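Read from first to last, the chains carry the letters A, B, C and D; within each, the first residue is number 1.
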Amino acid sequence: MIQFSHCDPAGIVFYPQFFYILSEAKEDFLMHIGHPQHHYINKLRTGWPMVRLETDFKRPSRYGDQIDVDIEVFKLGNTSLGLEYTIRGDDGERLVANSVIVLTNLDTGKPQPIPDDLRAALTPYLKQD
Amino acid sequence: MIQFSHCDPAGIVFYPQFFYILSEAKEDFLMHIGHPQHHYINKLRTGWPMVRLETDFKRPSRYGDQIDVDIEVFKLGNTSLGLEYTIRGDDGERLVANSVIVLTNLDTGKPQPIPDDLRAALTPYLKQD
Amino acid sequence: MIQFSHCDPAGIVFYPQFFYILSEAKEDFLMHIGHPQHHYINKLRTGWPMVRLETDFKRPSRYGDQIDVDIEVFKLGNTSLGLEYTIRGDDGERLVANSVIVLTNLDTGKPQPIPDDLRAALTPYLKQD
Amino acid sequence: MIQFSHCDPAGIVFYPQFFYILSEAKEDFLMHIGHPQHHYINKLRTGWPMVRLETDFKRPSRYGDQIDVDIEVFKLGNTSLGLEYTIRGDDGERLVANSVIVLTNLDTGKPQPIPDDLRAALTPYLKQD
């Protein structure tokens, strides 16, 4: 549900708050596939900095609205991962965002190859053309 | 300066926080050209919902970094305004974002033509090709 | 679960983010007792501005931690409501916050008596001395 | 100036956002006295976790309002520092917050004595009774 804290004086979601919603959806997704982000960051010192983000805002969302967030994998590179997020309300698509994130060693700042077990866990979510 | 509150456990700016920085830069810009957003929202009940946002994250920004934010107008339509933001640090470009926002009546949700005086104030910032 | 977005470069929850967690807990509580805040704000134009907040931060919370948030009513006045929040982790109490909020007409800014049905719904949560 | 991003659907500052404003005021204050927080956190790995916070919200603040934030030191202990923040608008005091923070080694979580040079820099700001 869209929270009070997401909304602005215009009564709709303040757009940076959508990225908090997407961030939480990404955490849930990575936990769901058995690769929780907090394990990677706290234990392995690798994270997922973003390199590119494209977002289309299609319809406004208001305080109290029920929304769904879907995630698909549109790119599964050596070190990079493309995630497409779709937020839907009862009136159809509200927001579509494509992000490219790169698995990165947080101490050196260097990209890391996506490990085989994580790659295998992501593969079922690859977007079908 | 990049604030503590902008940064995440990886020690770099959490990407949605960049959009708070851009939001503040937009407010400063609109005030600078004599059309403060709070006047439009509070008095005229018109605002600037975003319809599209593209962002390239080029280099990380860390707590304590000094950054500059530049704004150029890349589109000046009938109701829509394209703003390009460039964040630079001492190592060059950190982030480039292109946003399209639409002047909108907040009560009806309908786009509004950009008034002539606002159009005139924006024109000097049109990006040169 | 404590999210990445809640935490700061010191690796612990940035304290204002706790209040986002409490805000969400309040929304869940008011919905649970059948008086969702979004109904009050969107339809009745009454909200719950805060007048006083006391918080003790007892132990740090880190990214990935599981926490529970409990809410008790410590005051049920004519127009004001005292809510005590307790956040617990697996090592005991993390945070205790006491807030006093006042039911307020958002257009006039005047306090409103808490309606009887809302008062009845809150009564079972009154803290026992 | 109160920013769009600080405000909620009720048109006033969402209370956790005040703590972002106070956080920025603290950073400005510590930089002003020659002890920038980012130096302590990034180089010395010591930070200022909060242990107690009391806040009175006296009058609402709205988008576009001009505010001042004053800081006084009400306690200067061996490891702890009490800061009192007062936010004023053109109608008088808006918010008064008292916070107690503790200089802490971020790796061990242990309190650290406030160094002599920092203590000397803070002393002129001690609140007079």
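FYI, a contact is a pair of C-beta atoms (placed from the backbone, for glycine too) under 8 Å apart; a residue touches a chain by one contact, two chains touch by 3 or more.
All of these numbers come straight from a predicted model, not from anything done at the bench.
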Intersection of the contact lists for chain A and chain B: C, D
Winner on C-beta contact pairs when A-C is weighed against B-C: A-C
Reference chain C; chain at largest CA-centroid distance: B
Rotation, 0 to 180 degrees and nearest 5, that superposes chain C on copy chain D via CA atoms: 180
For chain C paired with chain D, centre-to-centre distance based on mean C-alpha positions, whole Å: 22
Distance between the centres, which are taken as Cα means, of chain C and chain B, whole angstrom: 33
Length of the line joining the C-alpha centres of chain A and chain C, rounded to whole Å: 28
Set of chain A residues in contact with two or more other chains: 4-5, 9, 11, 16, 20, 23, 41-42, 63
Touching residues (chain side chain D, partner chain C) in the complex: 9-12, 15-17, 19-20, 23, 41-42, 47, 49-57, 60, 106, 109
List of chain B residues in touch with chain D within their complex: 1, 3-5, 20, 23-24, 27, 36-39, 41-42, 62-64
Chain A partner contacts - residues on chain D that touch it in the complex: 4-5, 7-9, 11, 14, 16, 63
